[in-house]
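Below is one structure, written out as structure tokens; the observations come after it.
Chain IDs A, B, C and D follow the sequence of writing; residue 1 opens each chain.
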Amino acid sequence: MTTTAPRKVCVVVTARPSYSRIKTALHAIDAHPELTLQLVVAGSALLERYGTAVHYIEADGFSIAARVFNVLEGENLTAQAKTTGLGIMELSSVFANLQPDVVVTVADRFETMATAIAASYMNIPLVHIQGGEVTGNIDEKVRHAITKLADRHLVASEDARQRVIRLGEVPETVVNTGCPSIDLAAAVRASPALDFDLFARYGGVGERLDLSGGYLVVMQHPVTTEYADARRHIELTLAAVASLNLPTLWFWPNVDAGSDGTSKGIRVYRERYRLPHFHFFKNMEGSDFLRVLANARCLVGNSSVGIRECAYLGVPVVNIGTRQDGRQRGPNVRDVPYDTEAIVAAIQQQVAHGLFPPSNVYGGGAAGAMIAAELARMGLSFSKRITY
Amino acid sequence: MTTTAPRKVCVVVTARPSYSRIKTALHAIDAHPELTLQLVVAGSALLERYGTAVHYIEADGFSIAARVFNVLEGENLTAQAKTTGLGIMELSSVFANLQPDVVVTVADRFETMATAIAASYMNIPLVHIQGGEVTGNIDEKVRHAITKLADRHLVASEDARQRVIRLGEVPETVVNTGCPSIDLAAAVRASPALDFDLFARYGGVGERLDLSGGYLVVMQHPVTTEYADARRHIELTLAAVASLNLPTLWFWPNVDAGSDGTSKGIRVYRERYRLPHFHFFKNMEGSDFLRVLANARCLVGNSSVGIRECAYLGVPVVNIGTRQDGRQRGPNVRDVPYDTEAIVAAIQQQVAHGLFPPSNVYGGGAAGAMIAAELARMGLSFSKRITY
Amino acid sequence: MTTTAPRKVCVVVTARPSYSRIKTALHAIDAHPELTLQLVVAGSALLERYGTAVHYIEADGFSIAARVFNVLEGENLTAQAKTTGLGIMELSSVFANLQPDVVVTVADRFETMATAIAASYMNIPLVHIQGGEVTGNIDEKVRHAITKLADRHLVASEDARQRVIRLGEVPETVVNTGCPSIDLAAAVRASPALDFDLFARYGGVGERLDLSGGYLVVMQHPVTTEYADARRHIELTLAAVASLNLPTLWFWPNVDAGSDGTSKGIRVYRERYRLPHFHFFKNMEGSDFLRVLANARCLVGNSSVGIRECAYLGVPVVNIGTRQDGRQRGPNVRDVPYDTEAIVAAIQQQVAHGLFPPSNVYGGGAAGAMIAAELARMGLSFSKRITY
Amino acid sequence: MTTTAPRKVCVVVTARPSYSRIKTALHAIDAHPELTLQLVVAGSALLERYGTAVHYIEADGFSIAARVFNVLEGENLTAQAKTTGLGIMELSSVFANLQPDVVVTVADRFETMATAIAASYMNIPLVHIQGGEVTGNIDEKVRHAITKLADRHLVASEDARQRVIRLGEVPETVVNTGCPSIDLAAAVRASPALDFDLFARYGGVGERLDLSGGYLVVMQHPVTTEYADARRHIELTLAAVASLNLPTLWFWPNVDAGSDGTSKGIRVYRERYRLPHFHFFKNMEGSDFLRVLANARCLVGNSSVGIRECAYLGVPVVNIGTRQDGRQRGPNVRDVPYDTEAIVAAIQQQVAHGLFPPSNVYGGGAAGAMIAAELARMGLSFSKRITY
């Protein structure tokens, strides 16, 4: 009988939301006897302006194999391209040092392409988590391009599995694990009480609000292909929510071309109008955030959290604009265009409706363990051929 | 009646073979009244070690809008990744300066990914020429990933067109123009005489050979996924061809990880053995090269020229190893593994057979004009959705 | 008689304060018949977080030859090094495109080294403005290193001229033009009335203040070699100034490793304490800022404005810490350590003293014209030898 | 009594000649109980085209802490600038990983600036070896600029020590250790017999030569500021040496803008003329090379080996052109311009003269040990002030 060294699995996390989305998978990899986790933290996950996700990662007990600073500052799309180019240059050095057996890239943010290219060009087997979905901006191109670079696909829904196979991937290399973010939501659904003081724990900007009568949560990101409109779009939402006079917990957008438009829109609006029922947060630890969602009357904006976790939790969602176009939805989502009146009406209807029955469309709560098992079992090939 | 400015079409050429392959399209774009050509020359196309393709480009009458030096030197795969990262950084500056209406990227060499990412991340409509084919190495990943980043697809065969559509691209965005390299071959087929002294015109290394009794042409590139074997593979071919005692025109490989293995193999072999019937060339102007091919008894190696131009010209080909796996073939190709005896036998059979009837599988000679027409007519969208 | 084309003079501006400092030279170059200005805007001068100096530059009537985004985001010194490396890569492309006859770099910020290296490595004559001074941090290394890379030195004081010559530069290549920032101050000294509403014009954060009874101006930057202390240092100043209860106009620091410490210190302090007599500005057009200074009771902090423009204007200055160590001073400056009590005492003494007699130690108001004349007259050599 | 951890001394070697020059210092650092060597190999020292110095480094028993590929390929000065920019980006990551207490940079090749900037910007004490000398091209700017960035200076001659102090460095930080290359020459001088078969050991190109009647050694590099003339210069030397009909051992130039001109000049000349008494080598292990020099009738070209090691060995040198201008010489050097006749005459005179008496101008053979001792003893400051 021979014993082999554990597989070195290098996971690259480039942003706060990506971390939340795969946290249970990271724990499962870390705990798996046949796997060694090499966690690389890069991009906006290191930056204070975007909530320094790296602090949460360390607080969760992970040790960090390498930090990669590659965010080129600038309020334009060129900066996104250069951030990606820089990411390739830096990550290829990191991979050369760490010598991983497998590299894992998560979802479809623009800079994840850097992970995919560095790994595939260096002949390291590449695993893509959460491919096969459909949305409405540059992510759409990035996601499917990474599918074509990846050797193994761990997807979050049956719909996504079918789509990856149609893209010409060998069916045996495509596995539906569900989404690890649902693993976290499962714990929260089991015990959803909002049993901590979020103002004390997270500070933020604005007055302390009385949440006992219910509250809204808002989270709206800029849409890459609608870059120039980011500021106008956020102002429409600001006007809608401000008019409702409900206690509102507003979360800042993450880094993206146009996030300066979005951020600026929020900042200017806040300085111009008194918003005593608004409180702004930069970020929140994942399970705290889920607890906040689970108790919300409605989530407003365009976050994928509304599509995934809220489906499982049954929380009503008003989804604004094109960012989540094409993603499978549970019954909890009401879609509206960029239009203040439509947003107001939809929020009122969702608040009136209250909680929806839970949906398992994005998995049943064991995705992290399934991902780790698959990483231990999969073949380590980095060569593939389209199936047709 | 309104007159509009011509569309600015930015074509990025990163290597000598890519240039040959789209030269007639470049002329057609340059001549089209509704198009302005912005020709960017990058990568190995600028380097002396790889034949300074840029000299031929200028000699052909093109003016060059920008030169991009992005080849990072190093005998490993990391250098390919970094060359691509650097290419993104440089090309994004070039696109910001040139403000093209459309960017065109050609085929599937690893560094063409830089063009695709820079353009798509900057919301510039991206046209991919010669997607949809199938081969056996990293090109396979790169080619289909670029398809998923591109907005319009001008493919070289019906087979390729069907494959791009199956990849989820909107059928109206996929057009079979045939391959522009066949346009050049059409002129040569019409008048194939080898009416110039190639030793005087191109120098090269080795004795002047008597070609009047027929000759072989050899062109063998390293295969990315077989990087470590590059030297052994070239030695098998060297041994096979050396044993045949036929006048042999050998062309150096282009830049790739492993080309140092290939180059070194050739260099060492040449210093160890007397090879009086070999002559080595670094490169040759495209139509001269086609004329050399058209009069060859057989092309040996793994160049795509054997699959495309030689199909149209009917020249016998011995295709070695995996590099052209999965590409449609005409009847002129005989495939062999990396094996000296098999190579020898196949060459002997092909030489004995002589010229094959021509095949139009990669187009009929008007691809350049069709590409220009399509660039003038196409919609300028940079947002798309998978069809399923 | 022959006419020659005007010399192409490429000036690279990388930050707001550098622009203010050479604005009159830029106008003089632009207006000179034998010179063509190629203005490149780079680094933090393009970024909203640092006041988007590029908007002022365009409002002043300059056209911009190239924009270079090279600020790598990250709260550490590695980011400064990488920003400089990236600057070299980008600027070398810009110089290759613009083909300047001369490149001009200003002062001693870390990223100006990128301009100096790109130009000198490309054999373009390099002119350094404001070398030869002495300060107390990384600027000290950068400034003298650039002197050794530069071919011509246009310095701001006699003291600086002597020092550059002692560094082994040929005396004929070193010219004391005075500092162009004094050119602007000359106009303000002639007519110093604060005749505009700065709250209306610049917004900023905080209450509208009554300035009629006098006010303080504060401007404190982090010191590179004291990176880890940036936050503590700014808190000492905040405490000192807050205790004085004088109307205070506070200007944000520019980008530097540690500026996040400085910025955060300010932000947190502001959220914790009520500071009704503080108003925060991000930036201000140069001559407006000089007017604000000219009417201030005292400038507090570590800005070089206190050493230069305030000497000429006679404005009392409390200079804190090591950042301006070794720079020649007029009689208007009182130096204090990082110590709240010492800062408070010095401000009180300076406020009590009132305006000082003007000093010409940094020039008499015609530096811009002298710089342009020197650029037109100088030899275009890029090769030099140390004088000893 | 406390024991402290050994100091981590990170030495960056970027080229074959730099390695030879500090090899004894590396051994002494490695052996010193209070020091830990972190050896970083970068630039052309990793590349096959330039002799893969890294193989010799490993064969000498050193373990390599990091490899940095940063050579951007291209036949122009822009590539030198970009190689340096890339070097900063890569080395700053390396330093962040290795966390050295001290960084050591060697001499004055253009890319050593990358080491100097990365270290000084990251507040790591920087030691410069072999500053303070004088030469005639871009090295002159680079060398003195690095002096101004460095915190400690270990120079090779008294002349150099005086010059660094005149540059404003604190005298206590400047130590004349002599040149470590002389340490190697000391062993060779003690036992100079050419007791190995260099053709068998190093291969190379050309016939096996009979060296028993004496031979010439040639080593000529391009001069950066005379970039365009590189090919013409090498042809003058080729013509001169070819006319002498003496057995000639010719060494290829190292990487530099223009080395392609130099290399091409050699290659073309070699293909055009029969040179039966020439043998070309790419590189040679240091002490073998010194043994070859020690037995040569004359060294021809512009290598610094002629100035340093040959002074100590007493070998006659014909030094061509400007590259070594301003360096202290022993009596063994005869300087000539770029002129075939002058080169021929000088070689004939030097061959006729024979061996010169040894000179200790560049040290007496213990430089390596002195450098290690100084690295263990020096203060670890990274902040300095010019002395005047």
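By our rule, a residue touches a chain if its C-beta (ideal position, glycine included) is under 8 Å from a C-beta of that chain, and two chains touch if they have at least 3 such contacts.
If you want to know which protein each chain is, UniProt gives these names: A, B, C, D = UDP-N-acetylglucosamine 2-epimerase (Hydrolyzing).
In this text, all values refer to a predicted model and were calculated from it rather than measured experimentally.
Student: Which pair in C-D, A-C or A-D has the same interface as B-C, with over half of the contact pairs matching by residue number?
Tutor: More than half of its contact pairs match B-C, so it is A-D.
Student: Farthest chain from subunit D, comparing Cα centres?
Tutor: A
Student: What is the distance, in whole Å, between the centres of subunit A and subunit D, each centre taken as the mean of its C-alpha atoms?
Tutor: The computed centroid separation for subunit A versus subunit D comes out at 52 Å.
Student: At what distance in angstrom does the C-alpha mean of subunit B lie from that of subunit A?
Tutor: Centre separation, subunit A to subunit B: 40 Å.
Student: Residue numbers in subunit A touching 2 or more other chains?
Tutor: 78, 82, 86, 89, 93, 96
Student: Per the contact definition, I'd like the list of subunit D residues that touch subunit A in the complex.
Tutor: 66-67, 89-90, 93, 97
Student: Residues of subunit D touching subunit C in their complex?
Tutor: 77-78, 80-82, 84-89, 92-93, 95-96, 110, 113-114, 117-118, 120-123, 134, 136-138, 140-142, 144-149, 163, 166-168, 224-225, 227, 325-326, 382-386, 388
Student: Quick check: in the complex, which residue numbers of subunit D touch subunit B?
Tutor: Per the stated touch rule, the residues are 46-49, 69-76, 78-79, 82, 86, 203, 205, 260, 264, 271.
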